[in-house]
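A, B, C and D label the chains in the order they appear, each numbered from 1.
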Amino acid sequence: MDFQAVLDDIDAQIRPLLGTGGRVASYIPALARVSPQQFGIALRTCEGQEAAAGDATTPFSIQSMSKVFTLTLAIRGLGEALWQRIGREPSGSPFNSLVQLETERGIPRNPFINAGAIAVADRLLSLGGDEALAKVLQMLSSLCREPVHIDAEVAQSEADTGFRNAALANFMRGFGTLDNEPGRVLDVYFKQCAIAMNCQQVARAAGYLCRDGAHPYDGTPVISETQARRVNALMLTCGTYDAAGEFAFRIGLPCKSGVGGGIVAVLPDRLSLCVWSPALDGTGNSHLGRMALELFVARTGLSVF
Amino acid sequence: MDFQAVLDDIDAQIRPLLGTGGRVASYIPALARVSPQQFGIALRTCEGQEAAAGDATTPFSIQSMSKVFTLTLAIRGLGEALWQRIGREPSGSPFNSLVQLETERGIPRNPFINAGAIAVADRLLSLGGDEALAKVLQMLSSLCREPVHIDAEVAQSEADTGFRNAALANFMRGFGTLDNEPGRVLDVYFKQCAIAMNCQQVARAAGYLCRDGAHPYDGTPVISETQARRVNALMLTCGTYDAAGEFAFRIGLPCKSGVGGGIVAVLPDRLSLCVWSPALDGTGNSHLGRMALELFVARTGLSVF
Amino acid sequence: MDFQAVLDDIDAQIRPLLGTGGRVASYIPALARVSPQQFGIALRTCEGQEAAAGDATTPFSIQSMSKVFTLTLAIRGLGEALWQRIGREPSGSPFNSLVQLETERGIPRNPFINAGAIAVADRLLSLGGDEALAKVLQMLSSLCREPVHIDAEVAQSEADTGFRNAALANFMRGFGTLDNEPGRVLDVYFKQCAIAMNCQQVARAAGYLCRDGAHPYDGTPVISETQARRVNALMLTCGTYDAAGEFAFRIGLPCKSGVGGGIVAVLPDRLSLCVWSPALDGTGNSHLGRMALELFVARTGLSVF
Amino acid sequence: MDFQAVLDDIDAQIRPLLGTGGRVASYIPALARVSPQQFGIALRTCEGQEAAAGDATTPFSIQSMSKVFTLTLAIRGLGEALWQRIGREPSGSPFNSLVQLETERGIPRNPFINAGAIAVADRLLSLGGDEALAKVLQMLSSLCREPVHIDAEVAQSEADTGFRNAALANFMRGFGTLDNEPGRVLDVYFKQCAIAMNCQQVARAAGYLCRDGAHPYDGTPVISETQARRVNALMLTCGTYDAAGEFAFRIGLPCKSGVGGGIVAVLPDRLSLCVWSPALDGTGNSHLGRMALELFVARTGLSVF
């Protein structure tokens, strides 16, 4: 399939719509300043073929897309033990809700809602100590073959305004879900969300998820085949906030979105894909990124269903 | 692939476990009397190859598996309009919960929780009037090429004890989600749940879901390709009560279960499958049926992820 | 104290405000047709002194005020056993909510929310069978010394539109909270709500609550002193829907309101009082009735606090 | 009435029951070490008559009873403006729940649940800055005519283990309910809870609540008559965690309890009362303290209803 032509077409269809719908995340100044007039898309197949269009090399804040990679590191470090205090079910509630956490005695529903990702960060701290965050960056750099950095301004903004996440962390600590001090865990969490990458880098980095867990460049196992399948399953059922059902219904690919406007998607045994456009719809997912994925599926007929 | 050998192996592994875990649904006498010492499995590929093992021709109460077929009929009759008063997101709550329905002003989260299926039955009544139920049976008979009946005793038991469902129906009627009288809607709903089929019939009947919506025998469109994909997506995200995430994680196939102990599964473009064993686990899904599906996926490597 | 002068003053202050705030209950036609241009107030002291002003002898639908009297009958018939399946705590939720009922497995929070009053009606049916409703009317007639009737049109409207209450009744029946068929219980409940009385009759009928349980005219025990105190306590903590805290805070009298616009209030050892004005505020309580009670308390300094 | 004889009788009835029911609060070591074999009771009438029995001069941790006094200070400083971001309704939920806070966008239901008391502490900080806590102690010392101190060990324990309260504070800060940094607000809150007083001191200090807001010794206004009534109303509807309805039903006095085992009660225009016994029942209220209040009411016939 001529993926470059597909992405060019999508870019041509999306570009006129820039600025016409959705709103850039406004909860921190560093994100609120990003221009919504941007759209990028990039993919990489299992065989290493690449295609990209639009602003595919402009770095953006990956935000919750980081949860896929920290989950991968935690699975690699802990295996099945990771799931002792983290669930695997869709939440049916907003990503930053405390309600379910109270009903279910501090066990987050899945690793992709904020509470679950904070619990994953806690495990990375227990595994890696002060090196926890460095290990996340190392893995990402290794996967996409380029250095990856934290945007310090974004990280600071997250910390300054992250009261809801501080509530989640303290709440879980009260239930014994976290092993480390809430402040340390939040430091890792806020910084992982502030990592900056571009579409091309993310599409490459996610390559192990369509290659049965094998590193996209050197083929060494990042995680096992079963583990890679399971990360994909979690992305499909829980990866796009309250719109996971809608994404499955309309797009049919495992996806993980971030409020920076990025969405990473996987077609198992075929390719990994990243779209980015900063304006978000009411569910917190990239408005045009979502539309681009629908176009991609409609155009190629590729979906897991 | 030699599917008959695969199913025989699974049957050999499961049979010694009969009676060792889970409990038969006890809420109505007619279901409580069913012996847990039964296990059946059957599949049919897109090309028409079939395989079966164990009690694959013993009829059982399909219960909530009927929701896949009533949804299909409603989609065929209404298209996108069906979704005006029914959602498409996982509920994160028990299948018969009223809580979310109250918060979300009478709109059921998806067509596979009880409230959603009752709303679908309401649409079938509006479409088919007194023929609504006959049309469900006709479709099933057409799909599996055998006559399909309602178990009158089960239907009566459902009606006698279905106070929770009566609550859901009245609640939705109060919100304007139902167009017909709760009593009439419940009559359709209780009877569709009381349909009796065997594994082979169900595996055949679900064939259109792995054939892009085409009838498993004559190839005529039951629903469109896009619609078939979407039913599969709903089954994966919402088809197995509170365990949808866990099914996706461990099995990775669109599934719909019923408290009669059946589970229908679909591998798009490949095959449809039905397992049955009456004893249920704590999530209301067939205990050994679930195990059989895990064995099937492990043995064949087939999953959407 | 010259109560007649007090009530005349309140009437003079309230009358110019008729039609300026709140809305008449619109959920059934028979209530929606009532003119909001009406206000009545009446009281009766423990010693039998009476005062009244405004439309104090115009009959209105007592609606949820009936719950005080059915509770009284149930306490008289069952004593402490009444509380086995009905709680005594404020609900913190809307009066017709099903959420708490699900969390608390079918046990209504208190006898004044709809679910609780339906459970009380169920007990009256078990106690009195087909005479249950007649006994309610008899008690009311005896207490106010005038015949009391059901408004048949209102009762029919309640039944025609009471889907939410039907949901509550079926839900509780599913949990085993009700002993009788939901349909029979609802018939009692809808009819008790449709009883028509005027302010003077209600002020008289509630007299036993300020007289330690003794009948306002003949002094025979309606319920015991302790039981009367407890009914008053329930009225204060649970009698005015979501505004019970606000009523305690601003008025400080045990009160029970109805969506017909009536509010009955009690000052233990002193007097019973009824105000009525059909337009309701956002909490479902009579807008001007509430204001009249605030004026009464400010003017007389009478409150339990 | 010979109150000393009444209290002696109650002490004689309660003392044999010491150690027979309930459990001492165990969430912090300093409270868990307190012997349950203690019971004290003290009262002071509006006229200054005093009575006391048992361990009435043994200091204990007043915990949530402090909320009455910080509320009083905040009302004195802010008047009606206090209620802009704090409600006045019973919560229907556990005292430290976050659920309702999320549904109601950060506005605590009332000033006596933890969230509400933390919001009150925030106002005291805005009013008094670094002197906020000193002003609480000054008021208490003035009211009971003895110096009042914070138990530093208890305060430290509260801070070390108060993750749930930290969650509440951060959550409210995220919603804009708090004006000050969560850490500073929690410091005030943890320390106010760690104030140590004895029954006699508390009974004296609460004297303004039965004297229409007038200081129990010098008669100067602490708060206005209306404000005092309203504090009493809040105590009755919200003062005893999930058991407020039950307290109103069985005891019928405005009460505020603490997990240190104390309960302060008010009979308007008559007396203020404090009981203490460390073992708590399942609702977090003193098991024997509650029984002592029931005995007091049964013996004296005094209640607001």
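In this text, a residue touches a chain if its C-beta (ideal position, glycine included) is under 8 Å from a C-beta of that chain, and two chains touch if they have at least 3 such contacts.
As the structure is a computational prediction, the values presented were derived from the model and not from experiment.
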Note: chains that touch chain C and chain D both are none
Which chain lies the greatest distance away from chain C when centres are computed from Cα atoms alone? A
Centre distance in Å when chain B and chain C are each reduced to the mean of their C-alpha atoms: 47
Let me have the rounded angstrom distance from the C-alpha centre of chain A over to the C-alpha centre of chain B, please. 32
Note: chain C sits from chain A at a C-alpha centroid distance in Å of 55
Per-residue multi-chain contacts in chain C, two or more chains: none
Run through the chains and report each pair that touches. A-B, A-D, B-C, C-D
Can you list the residues on chain A that touch chain D in the complex? 97-99, 101-103, 163-164, 166-171, 173-174, 182
Chain A residues within the chain B interface of the complex: 87-93, 100, 109-110, 229-230, 232-234, 236-238, 242-246, 248-250, 252, 254, 268, 303-305
